[in-house]
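You will see subunit A twice below: alongside subunit B first, and alongside subunit C after that.
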Partner chain A sequence: MRDFLLNNVSPFPAKADANGHAAVHIAPIATGFVTHVLGKGNAKADAAHLTKLISDIAPELGATLRSPSPGQWFWVGDCDVSQGRFAEISGQIPGEYAISDQTHGRVRIMISGPQVRDVLAKGAMIDLADGVFVVGASAMTQIGHIGAMITRTDDDCFEIMVLRSFAVSLWHELHQMAAEFNGPHAG
Partner chain B sequence: MTSFRIDSGTLIDRDDVRSFTFNGEKLAGFGGDTVASALLANGKQLVGRSFKYHRPRGILTAGAAEPNALLTIGRDGRRDPNTRATMAELFDGLEARSQNCWPNVNFDIGAMNGLLGPLLGAGFYYKTFMWPAAFWEKVYEPLIRKAAGLGRASYDPDPGYYEKCWAHCDVLVIGAGPAGLAAALTAGRAGARVIIADEGAQLGGGMLAEGGLIGDKAADAVLADIVGELHALPNVEIRKRTTVFGAYDDQVFAAVERVQKHLPEQAINPDRAMERLWRIVAGHVILATGAEERPIVFGGNDRPGVMTAGAMRTYLNAFGVAPGKRVALFANNNQAYQTAIDLEARGIEVAAIIDPRSCPDIDFNGKARLIAGAMVRDTAGRRAIKAVTVRHDDGRDEVIAVDALAVSGGYSPIVHLACHRGAKPVWSDEYAGFMPPEQCDGMVPAGAVAGCEGVVACFDAGAKAVLPVLDGLGFGAEPVRLAGVEGVTASAPNTMAIWSVPSSKGKAFVDYQNDVTAGDINLAMREGYDHVELAKRYTTNGMATDQGKTSNVNAIGILAQNKGVTPGDIGTTTFRPFYTPVSFGALVGASKGFEFQPVRKSPLHGWAARNGAKFVETGLWYRSSWFPKDGETFWRDSVDREVLNVRENVGICDVSTLGKIEIFGADAAEFLNRVYCNAFLKLPVGKARYGIMLREDGFVYDDGTTSCLAENHYFMTTTTALAAGVLTHLEFCAQVLWPDLDVRLASATDQWAQMAVAGPKARDVLAQIIDDDISNEAFPFLAAREVSMFGGRLRGRLFRISFSGELAYEIAVPAGFGESVADAIMVAGEAFGIAPYGTEALGVMRIEKGHVTHAEINGTVTPADLGMGRMVSAKKDDFIGRVMNLREGLVDPMRPALVGVKPKSPSDKFATGSHILKIGDAVSLANDQGYVTSMCYSPSLGHAIGLALVKGGPERYGEEVVIWNGLAGASITGVICNPAFVDPENEKLHA
Partner chain C sequence: MSSLVKCPHCGLRPREEFTIRGEVATPRPHAGADEGTWFDHVYLRDNPRGQHREYWHHSGGCRRWLVLDRNTVTHETGDVVDASTLKTEGQA
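Take a look at the complex of A and B:
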């Protein structure tokens, strides 16, 4: 077997520092994993049960869950998970849950700054106000014409998860949306 | 400054002198001016020409309803036609031009239309241009459009950026007049999330026109205090220059914000929107949109210098502009008298107040002469008013010299938004106007829109109107009050409805923008168009950019008067969004040019680009269509080479865009068995199977392969086009049709980079990167399983399936590693002559092999039509489409069925879409035998080939037919044949 080079290529532009004045900071989340967990049909969605389950099976990965729809979750984390480790976890998950590795299929972008809501209001139709969309809340929605999952991760910080094929488009769109705060005319 | 600018004006900044041009003439105004106020300040009463008669027109209003003063502002890509001078803010360097006049606004050749006035009444075009019918589209309409009209749009692209936004609030206050401000402040103080939007450049609405005191404080100081407090409240969002133009279901309101339209070119931030379209999701709405003052319909009421009384007051108090030196007021209500009071307070002579009420109940102590029981029946003046003719109650006429006339025919509440969802406004005799519907569907009208008069009463009403809303939201609130104001009492409107002056001399205009006169309304009635909707369409009253804001109620009143009923019996026309015109820029937002739609990129996009791919848009995807090499100048040079290389050596193709769906669950096999028409229940682990899905009506929906990767785990591929559609279909089946089945579906299209490696040397190439045994014995045709790659460094999914008809595999790896794996395959395949191939070559090879795509699966075919009738299971109890697939018409042996077609002479060509005819038959629908669904040049065979759906199908192999191309006028002789042009025995697949 020849020694071929294997690179995990990011879908984002190589030069990912086009943030200008960076009143709104936009950055890809380069590492981590995304796992689609599908609960058994008709079973009651039970995030607490799933949280305990995955905490027991893979305590090193954390148990951060985001629900795109009833009975389904995205289990995400910031550390890389090998294919082998994923296969092990998959083997330990009981039949009431099925898991699909989406680490390469769904990519994440972090967007933050005091004016982050003004930026996201240009694309997202959901209410991201402080008291409405609390830290930890997530919603499957759209940014412009691109389907995306928005999660509030901190006071003025949101994570956007999008299908990999849309990553470049969304990246471009977010920068365009933020340009009035980040561009040379900002301020 | 000219003598029209006087020592008042709360909105203008006299230190900020701004120069602008009007029809090329250099003029100056102040910061805070509108174009209208600046023109008036410069003595420009004549600003445009009317739509049909080209009559001189001036400025009628001071706001959004302006029907006359429509100007073209700006130049090149920033040119905005039909801009209301009353809404456009003055900036330094602004260029404004009159419209619909030639050679200029003062001397307009088109004014000769006025001489033809008697001929050009309502319905003139309908009656005159009846024949010949063919002339309408080519001659009459273009000429009419050229002659009549508004401004012309620019052909240059607008360099500005536009965008769309969403906003959310507990309380949306529409209108920032006294009622709106009071509601917003009350709600803001209580802690509710408030958005207050107003179309003006400054908050205040009617308060801006107040020149005196409110309580014991100057009106502008009171306003400044309120606005200052609103700005200080973090839970209140203020949107100035924002017109809420539409009310939609679920309390969604659309608004357009003019973000930078008021700025000179050099001050525009290119990264900031010129205009912003807002979608506001509001819990509750306070409708504080105010009321529109109605003009009065009398002879010569369109003469420049005639304007509504409220507008005159606004120019006087807010902009410091005197409307003239000797002014008359023609009004049928008490409120308008305030204009006369303010004019006199500014030292302007009020020559007369003409009031049709015989005994107006008004305490007026000014100098002006009050002529009660009288009406203005005519005006004089060429390009501006010089005099009015007053008809006294005793029938005597009196001419009074004036240089401006204020008119007030009462007030029409601005009920549009309350009616956008279908509710109708309610006529009130008391208020002489159409009031908001009784059920406003989540909106609470407050202030002038609800019939209040005066700043103090409106403020009080606004503060109180929001209280129940706040109570419902759980906020305890106290209504805000104006300092120094005690005991608010609502005054009676005391308006005497007057729809047209009976003794009018000359044209009495109802709709200024469309040149509709009272005579036109009467004519419409006489000719049977007396329903309000028909009268609108017959006369054009209420059409165009102003949508009849100043004319509709008067027109309704005239109809009612003539029919002897009340305006309420006539009713209104239908209120629809938009309240005022919205630019295409705002509606389009950022979705133009490159940003028109999102782009989807395959994980192998970079690899394909590095290998020189030409891309083609397939839906949102960019797919590599061919890979030209040096010296290949024509696309087919590359495609032919790629095809031959796959047939002789090996090629690699990006198939990542195909839909991929993971299917899990204990009942997954049963589920697949029901959605596919062929059997899937016993598909073993490690095997793939081609499947056909039918729609409920028995026709083919989509095809693809599904592999069993493990017990209770399947992997389905769909066509690129129907990836989302198939997943939706499957979800519907799982959630609605068979919720009892344990099946779970996950889209995995983006997770995998997938490559087809095809050709007789495909196995040799893949064997160099795949650790597992992939010999024909170990990995036969339709094998499918996970494999170890690169010495265990990566795991992928390998499928032995073939679209090209060659020995072929599809290898799927996690998307991020796609480029590396494709590069590795290229290196591994170098010795075997590997070359990338694109979707064009893929398409050629599938036609050569007789494989179908959606060119054949076009919604009208059954599996039997495609030669796959035997795949339809006769053993399964049920599957989607089973019953309907057995319909008589769908099993008719003469249905068009899939065949191959080729030219009799190899040098002949034909086109997709060509129809098949029997030799000698006339060209007719009855003789049609079918049509060509796909066609290509086959480099393997050296001539054109095609697939077709032809009556009788395979029964006709060998028959010579006509391949008829009616569009190109070309027909050739062809031969019907087996669609599998290459390897019909499938030997290559199993090699």
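Take a look at the complex of A and C:
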């Protein structure tokens, strides 16, 4: 549990949704949580087991897991979790897992539009083709030199999770990458 | 060198995601081993021509240490395994 209250401030520009009518839409995910869950050593830690566990402990948060590494998961969701509630949850997680709230440390960006894969192809070096990177797939990788976790949330929609201190750099980079599809528009 | 490396956890990934540490050294000597043995373990490398085993860190992906089989003549890469498997081989 945290020793002091954190005031979670968005790292993104204030009018982050200003490109709402562009062909490629880039928007921060302003609410929600990111929790890092680590399985301890040779324990029976696996995604199915953990999914059941967190569904039982916190059914209101959903059980969306993204695995960056063997035995490690990011548990993410769109509703805000108070520090009190997080403390309750961590108190109920059994000993074979370690859990750490990273909502302050990792932020999420949604990027969508018909040409979203052409945009991401400029920075990501993994194969995002339909048959390879299906909806629901996620990968810890790099966009340019910035480490990022890419998740396909829909056919034309991807979520990018990045460390907060790299968020603005990546934000600008994504806008540059999308610029050819987002020509000048009225308003 | 092949520009795609097959991480046993992440699948085919670009070489840019990896940090190369170098040859998989001989098993770590006993703490009380003499200075010559330690010097050899820490500093001396064979630099072989041909098959070579190296530590690679998947720093841009799963962040696991891997052991990669590479031919220093052809630059062909072979098996890539998680470095923890060396423990069971008794070579960690």
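We adopt the following convention: the second predicted complex is superposed on the first by the 169 of 187 C-alpha atoms of A that agree within 3 Å, B and C clash if a C-alpha of one lies under 4 Å from a C-alpha of the other, contacts with A are read in each partner's own complex, and residues count from 1 in each chain.
Convention: a residue touches a chain if its C-beta (ideal position, glycine included) is under 8 Å from a C-beta of that chain, and two chains touch if they have at least 3 such contacts.
Because the structure is predicted, anything quoted here is derived from the model rather than measured.
Novice: Of the two partners subunit B and subunit C, which one touches more residues belonging to subunit A?
Specialist: Partner with more touched residues of subunit A: B.
Novice: After the superposition on A, what does A:7 contact: first (subunit B), second (subunit C), both or neither?
Specialist: first
Novice: Should A:92 be classified as contacting the first partner (subunit B), the second (subunit C), both, or neither?
Specialist: neither
Novice: Between subunit B and subunit C, whom does A:141 touch in the aligned arrangement: first, second, both, or neither?
Specialist: So A:141 only meets subunit C here.
Novice: Contact-wise, after the overlay, does A:125 reach subunit B, subunit C, both or neither (first, second, both, neither)?
Specialist: Once the two structures are laid over each other on A, A:125 reaches both partners.
Novice: Tell me which partner A:55 touches in the superposition: subunit B (first), subunit C (second), both or neither.
Specialist: Neither partner.
Novice: Is A:31 touching anything from subunit B or subunit C once the two structures are fitted on A? First, second, both or neither.
Specialist: It touches nothing on subunit B or subunit C.
Novice: Going by the contact definition given at the top, which residues of subunit A touch subunit B in one complex and subunit C in the other?
Specialist: Shared contact residues on subunit A: 125-127.
Novice: Can you list the residues on subunit A that touch subunit B in the complex?
Specialist: 1-2, 4-11, 36, 38-42, 83-84, 87, 95, 98, 100-106, 121-122, 124-127, 129, 132, 144-146, 163-170, 172-173, 176-177, 179-180, 182-186
Novice: Flag every residue of subunit A that touches subunit C in the complex, lowest number first.
Specialist: Within the complex, subunit A contacts subunit C at residues 68-70, 125-127, 139-142, 147.
Novice: Which residues of subunit B touch subunit A in their complex?
Specialist: Counting only subunit B, the residues touching subunit A are 163-168, 193, 269-273, 279, 281, 590-591, 595, 597-603, 606, 621, 662, 664-666, 712-713, 734-735, 739-752, 768-769, 771, 790-791, 793-795, 814-821, 823-824, 827-828.
Novice: Going by the contact rule at the top, pick out the subunit C residues touching subunit A in the complex.
Specialist: Counting only subunit C, the residues touching subunit A are 9-10, 12-14, 16-17, 60-64, 82.
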